[in-house]
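One chain, chain A, appears in both complexes that follow, with chain B as partner in the first and chain C in the second.
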Partner chain A sequence: MGLSAALRAFAAGAEAPIFAIAGLGARDAVQDLRLRRELRLVDSPRSASILLVAGVVPEALAEAVARAHDAMPRPRASVRWHLDEAAPGGAESLRASVSASATDDVVAVVRRTFVELINGARDSEPAILPDVDPAPWRGVGPFGQGGSGMTGGRPFGRPMAEMGDDRDGLRLDVLPLTVGPFFTRLPAGLTLELRLAGDLVDEASLFPNPFAGAAVPASRLRPALRPFIRALSEPVPIRELELARARAHLRWLADALVAQQLESLGRRTLALAAHMMPDDLARVQALGRALRRTQVYRWSLADVGRLDGSRLEHLGAGPVARAAGLTEDARTDDPAYRALGFEPVVQSAGDTAARWKQRLLETMQALDLAARAGELRTEPSGRIEGPRGLLTLDSAPSDRLAPLVPALLAGLEWSDALAALISLDLDLEESAAVQPAAERTVA
Partner chain B sequence: MNGYASAGVAVVLTGVALAVGIYLVAIGDRLLASLVGGGGIGWRTAVVRPAQRATLLLLQQRLTTEPSDAPGWALAPAFFLALAAVALAMVPVARGRAAADPATGFVVFSAAIALVMIAVFLHGWSPDAALPLHGAYRYGAQALSFQIPFLLAMLAAALPAQSLSIVDIVAAQDTVWNVIRTPLGLPLFLIVGASVSSWGPVNLADAADIAGGTSAEDSGVGRLLWQTARYGMLVAVAAMGGALFLGGWWGPLLPGPFWVILKTVVLLLAFLAAGHLLARVRTETFVVVSWAVLIPLALVNIFFTGAFLL
Partner chain C sequence: MTLLGPLGVALAVFVAALVAPLLLRGFIDNLARAPTTVPQRMPFVGGVAPEVHAWNRYHARYYTMALVFLAFDMEMVFMYPWAVVFVREGVSAFVEMAMFITVLLLGVLYMWRERALAWA
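Showing the complex of A and B:
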């Protein structure tokens, strides 16, 4: 064996660096990969060898997937992971040399692909998109400078800084920047259009939900969402609902922690979320204490992204509203919950730290309810309190929170803006599952 | 009693110490991650994985962006690593001995810390992409803020020795360590040490919220070198912290070099633990605290040291 082959065999023992894109139905499954030691989920395709495209990815995102693919250094490969074997669905154009089905062990498939790729048994994949300038240079000078309009203000297809309004006495250039749809700290599909003045967000707006438009059958949704969708139209055991709620909150926390550079604690949270039972209350409390010791409430999140109760009234914004002092909770209308003596937990601060604490408190409350619920079932009424707020047959809390985003982020530093946005827990999949009948088209 | 080891000895000594230190940081970081995050890994895995990952990065293509500043991008990690080596070479390894002990070792070390700003900014600026540039500017704000409290904290450590030679500063700690004479010096030094290595709660330049910041566009050997340089700077800062504040080679029974290594490892463990147990500090909080709290504290620290010496 030559030196090069020996080196390659040695390198193949490393954790496979993967950039994962979680489509419909795949968010939790992809998140769980963080618990596997054989893989490493990386923040940027630049540091990945494998692109994992999981679940249903709509045609609207196909080009972005291709761009993520082409941004990976060679040797590279992509793995397509179908979670719903009966109806794979999604964009036709997403070819992949390797695919895994719901019944396959995806980690084994990825590992095998990675090892073959590194030891040379598998060829590196060529680029999907043609290598052309996004905007041809139109300058007149010898170095492409000058001329009228140049490339329409976008040299090399990149936006140039423009003059912005005076914000706080300091007139800065404003840089337009699109974050998403696969920005690693946000749910896949969420795209944010920003105008940054230095590191301040001058203006922010959200792109429309790429998953909306086609009716999503319940079998395609990620399993964690299904109890709440079912509860809209049929009685569901409270124990099941509250466990799903507690898990959803901790899964959110596991991701939010990574954005605060607490990846290890995030992994611990995720491990807890994945197998949570009502008797895990003590472990959640211990997690809460560990969280407090990281000072995250004091020097990372305090006073960041405050939302007044007055702006949240009657939005059914769940934990976000209750963190700002509102007592809105659809569970108070349900006789089964009333029988359990349910009272919403409420805080007053309304900032990002309060939203974090609120979710942790509601996790503990949910575990307590689950432990006491016995065989009690909800009464179906077409509205249910989901983990993110009021869910009805035709609207989800994320749709009602999204219009608040531009005003919430404006004027914040990017890191604060991101923390505030994450703390809203926008869920594109949940929105797609319960959209108004008029907006649905046949899949 | 200032002097230098012969060039060959100095280069080999510093290089080996840096390499061993960097590898120990990589192993320690993995072990701590599994300790805090669960899903324990064995010693063998922890020891072999960093080498495997480094090899993988060596085999990977090094991508560039189309309008990048190629020389700058290639030079930044090399410059950073060189600064780490210069800083480490100033650290005394045994009684009266350092790889390099100029009369102004203190100044050389401080200059290396200050110049990190050039390396980080160059690294963030040269890919000509939004997130790296964002990280670069953040480091600019951070470095401008910590520079003054850092120098004040260092000065307090040099005061008892009445010398700018690091060997003299350590020699002056034979009875009392500086950590007692200048109680605020070590915490200030550690905050700055983590900042220049973009580490833990004060990692603003390579932060998670900008997908790796200055290194967001790195791949292959460029990524490997940059991460190596960050670890190397952490090792240099920990070793210097041991020398300036924890009495360097002084200690009972065991020979001097052992104490130097032990103190370096203790400070490295503190850095690693902070990386897993403390949340990211907001840029604004860091800047405000540096100017409004750390500078006054560093001045109080100098007065305290002066009073102690009188």
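Showing the complex of A and C:
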């Protein structure tokens, strides 16, 4: 077995391909793994050896976790990453063989598991779901052959797509497809129900937030959200808030860049976001110049997913609204911000490219405010301008933007629809943290 | 080469082409011994099993572009005999071809206005 051993040693030296599922409180920690060269975050469990389940995954998503697990080729293993020891693990169906705590170096744990898998020291995990075809191919003949229709019977027992009206007046098939909850380009938990006519989105709707329902204590949220939740009820230094805002915008930008196939620029943005300080303004400006040289501003996102200001009025939609020409910003009501001479940055186009530019401009503005804020603190009033828009004690901007999604995506090509959806920066964790008291139940 | 002769070489290539895939197949089967399960074979789009088969008929919206490509491809064929005649005829052949190309260009502009070059 000399050749086999040599091949195994060679394979174990490669970067470990992992498919990461970011539960509650883990989105930023999982995103930061992109900066680690020892492993590679892949887009589908099919190309992964290790499933990393981080944070709290609600029971509602347990089946999807199991599907992601079973889709991995062998040898495979799963690593459970507990970021908060006190938090319930969630998704009990996942019998992860390895677990890492908040204090462990998760990269080292993943690497070790990967090497063990490859050199045979660790057995591949068995499937969670039963090995039963839910829809076997079955025709009318004795060997499953024949039947009516062009395929003879139903291919793999599943019904064919139904006919629907095409926008060109033809009647063609409309394919129903559910994307998510662990579609790698969207935040974990976001599930999009689509009806596709070829590559055009015919209809789109969002599933309810799977994280909602259980009260989420602030300590279980990802650290980036905490200053804004705190600022709802207590004075928080403006410097801290504005730095958190700048980081949140850049973290969004890093993900959006990866979705535009600009992976290395995304990694650069993420590295900047992770250690952002007010004197990083020049580096953000340099990033803006690099962005202007990409396809993003020039043509690929211009005129895509336009949202009129009239549809966004009084929604408190933050950068999305300001990119469409509205001057809504809760910071203008705060005396501390007024003392700093704060004026909202506004653009007029309202398309996806404008939302990208808006977030970059607001990052620079936030750094400027953070640098000048000194010891100034906010006045707690139960409403605060978060990175995604107006945050109150019982509603988050994502909840108010979600109803706009069906009309926004209808008629777009899939790539444009995805870019437009990403540009809204929906955050399920934030909306779970501030849901109305009536919807809260004991976890 | 001289040892086997042309027929021998052909035979050797034939046998090698027959045996190599079998060897490779055996090697791969040996590497991937574990059987695949149904959930592993299922398409993954985020964790929800598809309910409808992906085989569907959709509008090939680029068909106008495809037709236009075919038409212009054929027109290029006319340029080959013209290139031969051009050497003999000189300027008059050039003017005639220029007229032909101009008519085509008008067609392209019309097409552009009718949005036949838009992808979707």
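Everything that follows uses one rule, which is that the second predicted complex is superposed on the first by the 412 of 443 C-alpha atoms of A that agree within 3 Å, B and C clash if a C-alpha of one lies under 4 Å from a C-alpha of the other, contacts with A are read in each partner's own complex, and residues count from 1 in each chain.
Operating definition for what follows: a contact is a pair of C-beta atoms (placed from the backbone, for glycine too) under 8 Å apart; a residue touches a chain by one contact, two chains touch by 3 or more.
This structure is a prediction, so every number in the text was calculated from the model and none was measured.
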Touch check for A:191: first (chain B), second (chain C), both, or neither? second
Partner chain(s) touched by A:182 [first = chain B, second = chain C, both, neither]: second
Between chain B (first) and chain C (second), which, if any, makes contact with A:233: first, second, both or neither? neither
Which of the two partners, first being chain B and second being chain C, lies in contact with A:68: first, second, both, or neither? second
Quick one: is A:332 in contact with chain B, with chain C, with both, or with neither? Answer first, second, both or neither. neither
First (chain B), second (chain C), both or neither: which does A:13 touch? first
After lining up the shared chain so the two structures overlap, which partner does A:44 touch, if you call chain B first and chain C second: first, second, both or neither? both
A:132 in the overlay: touching chain B, chain C, both, or neither? Say first, second, both or neither. second
Contact-wise, after the overlay, does A:264 reach chain B, chain C, both or neither (first, second, both, neither)? first
So which positions on chain A get touched by both chain B and chain C? 44, 46, 71, 73-75, 133, 155-156, 158, 175, 177, 183, 198-199, 413
Note: in the complex, chain B contacts chain A through residues 32-33, 36-39, 41, 45, 48-49, 51-53, 55-56, 58-63, 66-67, 128, 130, 134, 137-138, 200-201, 203, 207-212, 216-220, 223, 275-285
Which residues of chain A touch chain C in the complex? 44-46, 61, 63-68, 70-75, 124, 127-129, 131-134, 151, 154-156, 158-161, 166, 168, 170, 172-183, 186, 191, 196-200, 413
Give the list of chain A residues in touch with chain B in this complex. 7-8, 10-15, 17, 35, 37, 43-44, 46-47, 49, 71, 73-75, 118, 133, 155-156, 158, 175, 177, 183-185, 198-199, 258-268, 271, 293-296, 299-300, 304, 413-416, 418-419
Contact set on chain C toward chain A in their complex: 32, 34, 36-40, 42, 44-61, 120
